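Each of the next two complexes has subunit A plus one other chain: subunit B in the first, subunit C in the second.
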Partner chain A sequence: MADKNGFFDLSKTALTRRTALKGLAAGAGLAVAPGFVRYAQAQSSAPIKIGFQSHRTGIGAAYGRWYEKTTAAAIKAINAAGGINGRQVEVIIEDDGTDPGRGAEVVGKFATQHKTDIVFGTLFSHVVIGSAPAAGEAKIPYFVVSEGHHVASTKLNRYVFQPGITDVKSQIQAMAPWIAGNVGKKVTMIFPDFAFGYDHRDYLPPALKAQGADVIAQIAIPPTESSFTKYFPQIPAETEVLYHVMVGPAVLTFVKELGEFYGSNRPQLFGFMDSLEATDINSPGLEFLDGSHFWEGSPRYAQPDDSAAQKAYRAAVGIDDNGAAVGDPKDISTASHMFGCWETLYVVKKAMEDAGYKGPEDRAKLVEATEALTEFAEGPEHPQGPKTFNGKIHQCFGIQNISKVEGGKLKVVHKTKIEDGLYEAEGDYTTQAL
Partner chain B sequence: MSEASPAKAYALHLGVIALLFLLSFLLPDYYHGLLARIMVLAVFAMGYNILFGYVGLLSLGHAMFFGAGLYGAGLAVIQLGWSVPAAMLSGIACGAVLALVIALLALRTTGVAFMIVTMMFAQVFYLLVLYFAAWTGGDQGMVVPQPARVLTFGATALDLTNPTVRYMTALALFSLMLLITLAIVRSRYGRVLVAIRENEERTKMLGYDTFSNKLAAVVVSGTICAASGAAYALLFGYVGSSFASVQYSILPLLWVLLGGAATTLGPLIGTLFMYYVIDITSGYTSAYLLIVGIALILLVLFFPKGILGSIRQRWLGWLP
Partner chain C sequence: MHFGPHLLLAALEGLVTSAVLALTALGLSLVFGVMRVVNVAHGEFFMLGAVLAWAITTAIGGHPALGFLAALVIAPLIVGTIALIAEQLVLRRLNYNPEATIVATIGMLYIIQQLALTFYGPEARPVEPPFSYRILLPWFGYSGYKLSVIAASALLLIATWLVLTRTKIGLIMRATQYDSETAQAFGIPVDRVYGGVFALGAMLAAVAAVLIVPISQAHYLMGQDPLLLSFIVVIIGGLGSLRGTVVAAVLIGLSDGIISMFFSPTLAKIIATLLVAMVLVFRPQGLFGTVSR
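Showing the complex of A and B:
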């Protein structure tokens, strides 16, 4: 992978008569030079360039680092197997600072300066939404790994895809039957008072209702809050399940204070691993989570029944059995999300090969080829599990894992089916002009 | 500072506008797009400069005026289906009204208290954007649909998503605001503002109603910032709460300090400088903000009046 940064390129400077003559002379010289044939061949097999919009700095930096590691591993594997359409793949990284304004600039930079074939890899929803207009205007395919519902909502544009990770609406819907059937039917939700929390606030109650369970209270915590004890008395006494999706640095305080509030007599807990990505589950203060359940996109800890593909993926990315970097047990991965980078790159490979993709002039063909995809079989290219893809809403659907905290590890106790997370399409991108 | 003849000052500014116009045909695609964005944000800095540079009032809440324009225009298109000109006017009007209300309250304070009060109001604005997420899109923000970003004049339709149209629209806004700023600072009113900055008590003693003048300055400043926010939403197609966060209150202050407070062209220079430093250094290191910080420290040490302010002090005393 390479970081690149150019300044003014001279491709658009005015051509004078003298420079034209010089150019002709130089061109003639090159044509007769012995290296010319080799040079021409190199052009026809020039690498496919993927612009990686990375959260290197800002609030998403922990995710960004692991997204880069996973991407590097996938590209290495793809190149080792012959690349895409026989061409090697090169990744160019630009930091978006996890900022939507900068994100849009970075997409523009990929399209017009680096002239990459696609843009890839964005996680945070506000950066995706802020960057999507720039991708649509530049007509450059934009493959995000965000899990937000924004792509599937069909509020973005035809150039934005999310084929490697399921969206949060689907995840919540898939969790509901298991929660209602195994943990409890009276659910109190505690969530951050911003968009990530609102997805859960809006999608969980109807999903639980369909299973005969109810959300009996919703407690929104302001994003600026650093202490949570004062909110806990709002939790109704009849609560059977406390559904929590707090994220950010305050999570440790949240869990610690929750433990102090309840002691040993607590309701069942169900959370989303987004809360604890890149955080050691054995951190001081998290003991209270022992015995509770979490959604995981892809399991952090190696499981006894891991497939050969899952094992190969973990080895390639460099995570040990505890989900930490090989050689650095304190460097915890973002396993629930980063597999999406691996799988998305293989979707890009498949779509480019289906489209007979040669260069930026084939971007529209690439969009159509991606929309034509319908399913991805579990295997080395899709180690998290099988998926279906809805080309109308540019979103994949897959299995989800429910894991229990036991002895300081997360053990997968249930895997949902793809059908559990399916929902009616809210629109159709394919009706938009390319 | 010596006084320039009006012709000299206007010639310089028209020259800058002409240069920006020419750059549209010379710049590579990426820098062409980046400069359009910089011109829009330079308008934000110009609005900030009216209050900070000329009146000497340091606000830490101007993100709310930018945000008022951004949401005033963006939501008018997204939620109400208004046309681009109506949305632009809506954004500007939102900023003007907000600035008037904030000015009436905040101008009861001065100095550090003014900074804190403006920062608090901006925080209230930011939290309101999050609170009304059902309409504003909260922290995720919303996309202004591409088909709605078209400017129609009779039978002529200008697509604001077209890079050339966008650049020229940004240039038109920038040019208009630059000339308005120049006219303001050269007017009697502009001189009163500088007098307030230099010695408010003495200005009062001379018979000027300093409160009314400062009130007008906040409204002008807020309105210009709102125009920038409205243009940003319509030209770049995204409205989001990060543009109303405290970061966007600090940025115009940095741009103005860098370019030169109380110089009409300083905001453009500062915004341009900061953008290019970030763009270039981020290609080499993820610690680019450290480099930006060092650049700022060096500038403050060696050019305390900013780039254009220092040039004016040392060589070109006539610069407005």
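Showing the complex of A and C:
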């Protein structure tokens, strides 16, 4: 092909001595630019820097926005109360595009360029799994708010923690007795075809089996799917409970098509709130969900028995009684997950204080101090409820909420106990070298 | 479920996919056929159509059919205007150089997508269908709206075909496609034809999106799949061939519906891609394309 416009003709743009000098000068200028200035004085006055790996774009963007809001509220509260070890806390946000490859780059950027003290805030399981090796390599503590079982499986590394939200294995185990006892015993699962879905695929059948119930079919759906009717014929006719976990923007379609397919003659539904985070349950087509049940990490709608801490937390983050942004009833929060950001930051604060954390040279001490934690009492720092922490598997355990859709709201009908979700540790991170 | 009803459901789903795909791919095919521009931003015009449909229906309120009809008219017009501006500002200045326009439309893809993220946000937002009638078959229920999408798409395809073959505008477009230099020599304002075709291509994508948005919500990343599928359809059908595009869209849509229901959606994608490879090897001009001169 003829190169008419001279795209490939290097002779026209040969590097002159002057251009080369300009380039050098610009490079030197960058090195003294504000971002590169170090705090010359002791770390005592410099803020603690938290690198926030945020899903600002990509399929996790709705979550990312609310994770940012919750984090900002928690940091504001922590700073107002004197910061951590007397130092203010600063959050630096980098967008990971909800992409594992980009996630690993972001962790590297925090460790080497921003030189943050920790990395924090990731939700999507594939991003966590993709980023964890980078955190382990850089030896930078990585606090995720992800819900997946990957941290507790001890398949990641010693620098990865999940102290603010429970994992899927524990959630399923805690809720299985209630599902088998109250909803039905023949269960068909619909789950997304990636890491988070596999946690459900692998842990629900044994948990139900123990309760005398059975998973009779498992339907994996690619996470980018936009139409679902074609999967419904795979649902066996004898299904009593349709257990659905969907993530991503297509969930409304999923529910609507389910409604068209079944009409009023549907099996019972049990879903994970992940499906409908940031989505109004009163959206057109979702009437079909009326009377069905959902897992909720932290209830979206204010409940009559909410604690003072829960009320204070909701006010600080800026969500109203319907779980929407104060002043914008259409802006629905990701209440089931974002509380984890708030609680994780308070765990980080506690661990940094226990470790007498001064700066990046104390990262190993911070890891050990976090592993030494065992319990988080319910209160302003842990508004979702009390939790225990297993330092060997870097995972917290807490209560789960089962809510029923009633009159366009979600009403908590059952709360599990911490013990319901405990399981045998599958390994021990503390034996790994720091 | 028995084989018969199962197949019927698969075919219905496949036809809905085909209907939307045919409109979207036709837009892509027109732009390439007449202008020789590979428009990578085509999927984003599709997304814009859906996002605007949401904005228009929300602004109008009242009975859902009212907002939907308004969206069906206004959204494509706005998208067409945006495409026209993009064509004048970018593609014309590159003299429609094939390599440069690919890079430029990739840039447009990202600009449109990120603007949508900034101003519309990351959420998937639903648009209420103009009517929600559930057709009750003995074995399963099916959305009446989905069937109407197939009909609407067929009407629009016929209208496009009539414009291309029976009107003066169509004649001018076909002349430009056949030989733009000679067309110019005969006094056809090729620049204006190009602008019009680019806008028309984008409008077809936008109409398809407005039709589909009551079924699948408006989301800023929704343009990726239709783009890929449109390329597949256009390559199989033959670039610049209306008939080929429609036939290929029905073929791909139905096979996607049926294969993904009886086997797996991944297999459906594999087969579609394999088909593209086969067509490129054995009939590079596509099933209905003519050898370019």
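Just so we're on the same page, the second predicted complex is superposed on the first by the 387 of 434 C-alpha atoms of A that agree within 3 Å, B and C clash if a C-alpha of one lies under 4 Å from a C-alpha of the other, contacts with A are read in each partner's own complex, and residues count from 1 in each chain.
Keep this in mind: a residue touches a chain if its C-beta (ideal position, glycine included) is under 8 Å from a C-beta of that chain, and two chains touch if they have at least 3 such contacts.
What you see is a predicted model, and the numbers here were worked out from it, not measured in a lab.
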Touch test for A:G86: subunit B only (first), subunit C only (second), both, or neither?
neither
Please work out whether A:F261 is in contact with subunit B alone, subunit C alone, both, or neither, and reply first, second, both or neither.
second
Where does A:T57 make contact in the superposed view: on subunit B (first), on subunit C (second), on both, or on neither?
both
For A:G327, decide between first (touching subunit B), second (touching subunit C), both and neither.
neither
Of the two partner chains, subunit B (first) and subunit C (second), which one does A:P304 touch, if any: first, second, both, or neither?
neither
Which partner does A:S283 reach: the first (subunit B), the second (subunit C), both, or neither?
second
List the residues of subunit A that touch subunit B in one complex and subunit C in the other.
4-5, 7, 57, 222
Help me check something: in the complex, which residues belonging to subunit B touch subunit A?
26-34, 37, 127, 130, 133, 137-144, 146, 161, 236-238, 240-243, 279-280, 282-284, 286, 288-289
In the complex, the residues of subunit A that touch subunit B are 3-5, 7-9, 11-14, 56-57, 94-95, 97, 99-101, 104-105, 108-109, 111-113, 125-126, 129-130, 132-134, 136-137, 148, 150, 155-157, 193-195, 198, 222-223
Subunit A to subunit C touching residues, read off their complex:
1, 4-5, 7, 57-59, 61-62, 64-65, 222, 224-227, 229-233, 237, 249-253, 256-257, 260-263, 278-279, 283-285
Contact footprint of subunit A on subunit C as seen in their complex
1, 6, 9-10, 13, 16-17, 64, 97, 99-100, 114, 117, 121-124, 126, 128-129, 134, 136, 140-143, 215-217, 219, 221-222, 225, 257, 260-261, 265-266
